[in-house]
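Written out below as structure tokens is the structure these notes cover.
Every chain is named by a letter (A, B, C, D, E, F, G and H) in the order it is written, and numbering of its residues begins at 1.
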Amino acid sequence: MNRRPVLDLGFARLDLAREQRQGLPEVVYGPGKTDAQISAIVSGLLRHNTGPVLVTRVESATAAALCRDVDGGTYDQEARLLVWRPAPRRAFSVMVVAAGTADRPVAAEAHAVATAVGLDTSAVHDVGVAGLDRILQVRAELEASDVVIVVAGMEGALASVVGGLVRCPVIAVPTSTGYGASLEGVTALLAMHASCAAGITVVNIDSGFSAAMAAHRIAQQVKGAR
Amino acid sequence: MNRRPVLDLGFARLDLAREQRQGLPEVVYGPGKTDAQISAIVSGLLRHNTGPVLVTRVESATAAALCRDVDGGTYDQEARLLVWRPAPRRAFSVMVVAAGTADRPVAAEAHAVATAVGLDTSAVHDVGVAGLDRILQVRAELEASDVVIVVAGMEGALASVVGGLVRCPVIAVPTSTGYGASLEGVTALLAMHASCAAGITVVNIDSGFSAAMAAHRIAQQVKGAR
Amino acid sequence: MNRRPVLDLGFARLDLAREQRQGLPEVVYGPGKTDAQISAIVSGLLRHNTGPVLVTRVESATAAALCRDVDGGTYDQEARLLVWRPAPRRAFSVMVVAAGTADRPVAAEAHAVATAVGLDTSAVHDVGVAGLDRILQVRAELEASDVVIVVAGMEGALASVVGGLVRCPVIAVPTSTGYGASLEGVTALLAMHASCAAGITVVNIDSGFSAAMAAHRIAQQVKGAR
Amino acid sequence: MNRRPVLDLGFARLDLAREQRQGLPEVVYGPGKTDAQISAIVSGLLRHNTGPVLVTRVESATAAALCRDVDGGTYDQEARLLVWRPAPRRAFSVMVVAAGTADRPVAAEAHAVATAVGLDTSAVHDVGVAGLDRILQVRAELEASDVVIVVAGMEGALASVVGGLVRCPVIAVPTSTGYGASLEGVTALLAMHASCAAGITVVNIDSGFSAAMAAHRIAQQVKGAR
Amino acid sequence: MNRRPVLDLGFARLDLAREQRQGLPEVVYGPGKTDAQISAIVSGLLRHNTGPVLVTRVESATAAALCRDVDGGTYDQEARLLVWRPAPRRAFSVMVVAAGTADRPVAAEAHAVATAVGLDTSAVHDVGVAGLDRILQVRAELEASDVVIVVAGMEGALASVVGGLVRCPVIAVPTSTGYGASLEGVTALLAMHASCAAGITVVNIDSGFSAAMAAHRIAQQVKGAR
Amino acid sequence: MNRRPVLDLGFARLDLAREQRQGLPEVVYGPGKTDAQISAIVSGLLRHNTGPVLVTRVESATAAALCRDVDGGTYDQEARLLVWRPAPRRAFSVMVVAAGTADRPVAAEAHAVATAVGLDTSAVHDVGVAGLDRILQVRAELEASDVVIVVAGMEGALASVVGGLVRCPVIAVPTSTGYGASLEGVTALLAMHASCAAGITVVNIDSGFSAAMAAHRIAQQVKGAR
Amino acid sequence: MNRRPVLDLGFARLDLAREQRQGLPEVVYGPGKTDAQISAIVSGLLRHNTGPVLVTRVESATAAALCRDVDGGTYDQEARLLVWRPAPRRAFSVMVVAAGTADRPVAAEAHAVATAVGLDTSAVHDVGVAGLDRILQVRAELEASDVVIVVAGMEGALASVVGGLVRCPVIAVPTSTGYGASLEGVTALLAMHASCAAGITVVNIDSGFSAAMAAHRIAQQVKGAR
Amino acid sequence: MNRRPVLDLGFARLDLAREQRQGLPEVVYGPGKTDAQISAIVSGLLRHNTGPVLVTRVESATAAALCRDVDGGTYDQEARLLVWRPAPRRAFSVMVVAAGTADRPVAAEAHAVATAVGLDTSAVHDVGVAGLDRILQVRAELEASDVVIVVAGMEGALASVVGGLVRCPVIAVPTSTGYGASLEGVTALLAMHASCAAGITVVNIDSGFSAAMAAHRIAQQVKGAR
């Protein structure tokens, strides 16, 4: 039982063993928690774990308050991410590819989380398939990546095209951009699953966070010293 | 009232004025009609109209019976189409582009109907976006077409890619190929509507017929002598 | 590679070759972009392309700012469209037919975009099928059009009725007007696809823009000097 | 308690008071019941009630067996309806209007049930809105009816058009004809609800029976001698 | 053509013949129209027609402005209905039955519209089936009505129960009250269609207006002097 | 670890501790398993556990084979249930109430499973709410039950009505009976969740088994000697 | 008729017999009612019934007003619950288990309602299955409960895990927490129904109230002295 | 152009460069192709590529015919997979974990495809979360794997639980097992996306193939010599 301690804060039970079990402390989902709750959770994780501590989906006012409360945090506004104790960069390259400018916030979250957990992350924006040359221009970079994260809303076709170009793992993030038949991201999610490109995997709508964590799982397997 | 005669067969009311109004007689949808009913409708249209007479979605046994019954019909098995009095070919080129081999029957229907109404139709198969070179190889032919019909199931991404390559009208036909998240064509239909390629239009799932008729409407407008 | 230059603005990659490839520069979708970003994109397109530059779905405050920033722009408030360098009018007639007064904004977008790209566009409003005489009264104008764009929400029945009256291409735009069973336009979209009028095509919900672009593709094919 | 007797057959509890309460005995839904069960229910209703006894959705083999078992039954194969003791015809006219030939079985059920309960029923088929003249030709008959039942699948637009033509009650029956975007009748059902024609009412998909019963309720109110 | 004049206001085309054709002038749907537009439409209908003029879904500020603009209007705030020239009451009784207090606004619209077109309307509230005695207490009134309108959200069970109690036409109005599995009225709409009570008809979610108009169609048929 | 042994059969891992943990051995879901697999599982459970062994959804041919293979089994054809070593009846009464005769198989499964696990089970059929007297007639029995299981398809209104009549736990089982708007049980499931009767709980569509198991959980709590 | 009096307040009809029939007065659903209406209902129930009076989903401003209006009320802000005359605690233990901190308001409603009707309620938070040790740590408390209420959004997996751990009744409450594929609680609701843990029951999305009422029904059966 | 040859078979265009581009020849999806077509494709790939050639979803009769036609094929009946020239096993371990016995065919496909492309694959079955000990018993093997593929239908909760136990990549495959609320796998797909376990990725319903290909992408990245 020693192996999996849980820290009970009353309103939350921190899974302190997650860091040892999975190579990363619990990540805090911001919405629905008070500043005081987040503050207590972050402090607890900083004290009892040793790796990076992240809070996702935080608006700037909350971020400012938390940074005052707990020293050492940095805030990425576009990504809405708060980070304490980021991991040092490892030689594992992740390329975040976003179809349109409206997909930027989701791509930014993927980029910021991946960076915070130590992945060597780069990004390219606005390479939707209606102008194929834009994605073909970055083909060499895509082929040189260890993982590609494709962020696309609307019909999500970029995931299939990229999936057909590279041999590495491709993680597709459907976004809720678009209107009407886009059904707030459900169309892109379904289309990415129905993709004709073999071996693509998909995460939840708008979840740049999930894609980065999936890349983290792969990175750990590749070069992680357990 | 003279302008729009209707022929009442009891079980059906033939819109004889459609040929004059829209440049083509009524097209008969086969399913749910008896051989005798189809036979009577075809005969009526042949007698009272002068253009091509088509019956869609006909199985071979029915086709054989109808060809015995009404002289001059020809049957395209893959397209499941019966045609009497096909229109002479006009100088309007339609290219049918199908993503996968499983989309062939729908592509075949588009091809056969377009041909029967006089369009100069060609086809290319199995050019899904997971291997972009396949579609890029036929780029010149695509650019030379008056209309491109894109037939694709699963995630339907081919429509966006083709839409970005050509300047002519692109008519997308979602198909019910695929399984699971393909939702029997609904995913492809939604994805094609959410496409990032501007000015693509979409017809019903599996309806090669509708795409061909849409091409016919365009062709009429371009070079048709009313 | 010379044939398809891309202008990289960092936050966006402009597909400058689109004008040559498709007869029209990229159109900018306004939502989710800052004024500065739109301004930079518009300036880039004006400098590197020669045709009309359009920004869709722009609210009036943004429009005013952009018009101050980049000379020569005009704003259509009902259509929420910004235009620089509109194309000269060509002899290709497009009629926009709207079912109800609530469909006006979508019809206005179709009208304004079609006009901006040089089509000879007219409009008629409030001709829903519950009073058939209203649409029958404009039958002659409909029959004289090169393309008809039908804008309708609720059950979208106007598309089927118009589709049965004219021989030219009919592009249906479902709108999100209505409530309850209208499901924010999904019902009209599905109904238009299931239409009994052959050869109708459909674009995304509320996308007057897409319909105009589809008309532009047809117009180019008909009378365009490539 | 005398007012609402129930006959308990073990496998079924007959609501014998329904005839007095609602002007018609229980109608038996055939599917999922054995021949013996249907036979017992029909016999019970014939003995304890005095009005027409109906069994819906019966295939011919079952119908033949039941007619042998219980004297006096007649079977309408297209409507799949079995009737004992039909009601005498009353001066209440119901017109069943079907959009396409594929809608015939549903229209036939509406027609047969309405006739069996004593309504003066007529029918017209194949008057879909893609050829408006067909429905306009029967406008006088429509206007002379006490109730119009509109049977239509696909996009269901006929309901809106008829709703705008007549002043009497219009009962719309969506059917599962069509494919793809028709969603087995759900699209027509939603579209009929979203109709722009005021005061149309809708019944379940493929339920000619429900429409006839709704007409019966109206007829009872109008001229019924309670 | 004399029979069906249309008044073209530019932004709207009034179907002036509707009054003669259907026994009631066009009813104006308020949302999405400016005060000036509504005012012009109302004035046009008052001048060219003779029956009641109704505007639905009007908020109080708009109502006040319109009443100042066009003399003789009265406003029902709960029903959000504006009425000019209401019809005299006829001997046709409509009972509006609402399941819960949250359904009141929809019931109020049904009540106010039915009253405005001359029906003798009454209402009973809060008789949901979880306390059967409440609905059984008003059984006599229900049985004495010419039409019953059942307004219910959540699971919509009241429609089935009332449908089984009375012989007259029952018009069910699903409402968007409830949360979660209520799916904003879609569940009630589907449930009312799937009802085990024969001959119930259904109108759109939250549309007290449609139910009243359906009652009006029946009333016209019963006692209307055409 | 001693407390929770698992028996590994290769193709299946039997959770032998479930009997001790939950008061009942694992129940075997028949579909998708070969006769040999079921036989091995049943034998394993009979040997290593002491309570009743059940196999659900078994067709008669399979049942006959299994009864030959493993002594002591009995088969209930309507319920499609195989039972070995049924539990002795306890003084805990469960009443299964089914809305229509088409709901019988689901009701039969609930009845047979509840009986096999030792509950004192009775049933009443065909008491749908369109004839309220049928359910009111059995009100006393309902009030005397420890648990009521309501089995209903279509709109599922019986659950609300029963929920309002009794004080004991009510477990609602939506069934896939009905057509069209019934959406194969989804409508009833949603409607039961949206029910206005407080404290009703719901199980999966057509799962008489789940309802019986839920009753078993309650019965254990009430009078079970742990 | 004496047995089931109804108090008619005009805008509402109080089912005063519910307390005798079901062991608890009507519970008032706050949204959509004015303060004055709630006040009148509460006063009526306090006067004519003897048990606890509850108002759910009340915001604090309304709560304050009502407490001023009707003496003796207490308000639980997190649960948004108002209570008058709470029931004395009985020896029936209910454990509310919530997967994440975002599920707290729903869990709080379940806890507060269960407490108000006299159940001995406790709660544990933040025990989602991604860190199994957290739920396994409270296994003994779970096993000692008379009923467990599981509150979980997102994928709702906690219900299956708890269902497999305990023998007592498990009532699952899906919540609308999460985004994207969570579909505002619909995914959790469906997943809980499809659970592999036998005998779990489910209530409406976010309805802590329903779960508590279901527990109350069980408690009454177990130890209630009617 | 030399880099990406395409072999045109008329009915199909083989993407011969895929092997070089992605490390594996095209995989053939069997359904919808004739034996002769599959045979020609397989022969083409064997001749022009050097890696393993796979045909998925093949029934036994077809498999037998193809093995006669093209030497060297082996068939796995449970996985419905045909393989020629399987890759030698590499030191990359994949563990396939299936929730129930009904998920076996999908798990078998994942297992067979992964083995055919050279991964060191093992499997464990019937470890659903209703009996947690079953999955906890194999925890050490899970922790030792390079990738875990979780195959689960119904509510798909196993993916969350495994995702919380291991640090390596977890690929979730929803299956169409289950009935009712399982919605043929859509519920499991959505639930897996909404999972509370961070960094899980998901592939299409029933697609063991996709999961294996995703594992292959990861394996290539980890130890592949490009």
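The rule is simple: a residue touches a chain if its C-beta (ideal position, glycine included) is under 8 Å from a C-beta of that chain, and two chains touch if they have at least 3 such contacts.
Just so you know, these numbers come straight off a predicted model, no measurement behind them.
Peer 1: Return the chains common to the contact lists of chain A and chain D.
Peer 2: Neighbours common to chain A and chain D are B, C.
Peer 1: Matching over half of the contact pairs by residue number, can you pick out the copy of the E-F interface from A-H, G-H or F-H?
Peer 2: G-H
Peer 1: Find the geometric centre of each of chain A and chain C from their Cα atoms only, then give the gap between the two centres in Å, rounded to an integer.
Peer 2: That gives a centre separation of 36 Å.
Peer 1: Taking each chain's centre as its mean C-alpha position, how far apart are chain C and chain D in Å?
Peer 2: Chain centroid spacing, chain C to chain D, equals 44 Å.
Peer 1: Tell me, which residues of chain D touch at least two other chains?
Peer 2: Touching at least two other chains: 18, 100, 130-131, 164-165, 180-181, 189, 193-194, 198, 204-205.
Peer 1: Output every touching chain pair, sorted by label.
Peer 2: A-B, A-C, A-G, A-H, B-C, B-D, B-H, C-D, C-E, D-E, D-F, E-F, E-G, F-G, F-H, G-H
Peer 1: Hey, which residues of chain B end up touching chain D in the complex?
Peer 2: By the definition above, chain B touches chain D via 4, 6, 10-13, 15, 17-18, 26, 29, 31-33, 37, 174, 176, 185-186, 189, 204-207.
Peer 1: Tell me, which parts of chain C touch chain D in their complex?
Peer 2: Chain C residues touching chain D: 99-100, 128-132, 153-157, 160-161, 163-165, 178, 180-183, 187-198.
Peer 1: Given the complex with chain A, which residues does chain G contribute to the contact?
Peer 2: 100-102, 104, 124-127, 130-131, 133-134, 137, 177, 179-182
Peer 1: Given the complex with chain B, which residues does chain C contribute to the contact?
Peer 2: Checking each residue of chain C against chain B gives 18, 21-23, 27, 146-147, 164-171, 189, 193-194, 198-205, 209-210, 212-214, 216-218, 220-222, 224, 226.
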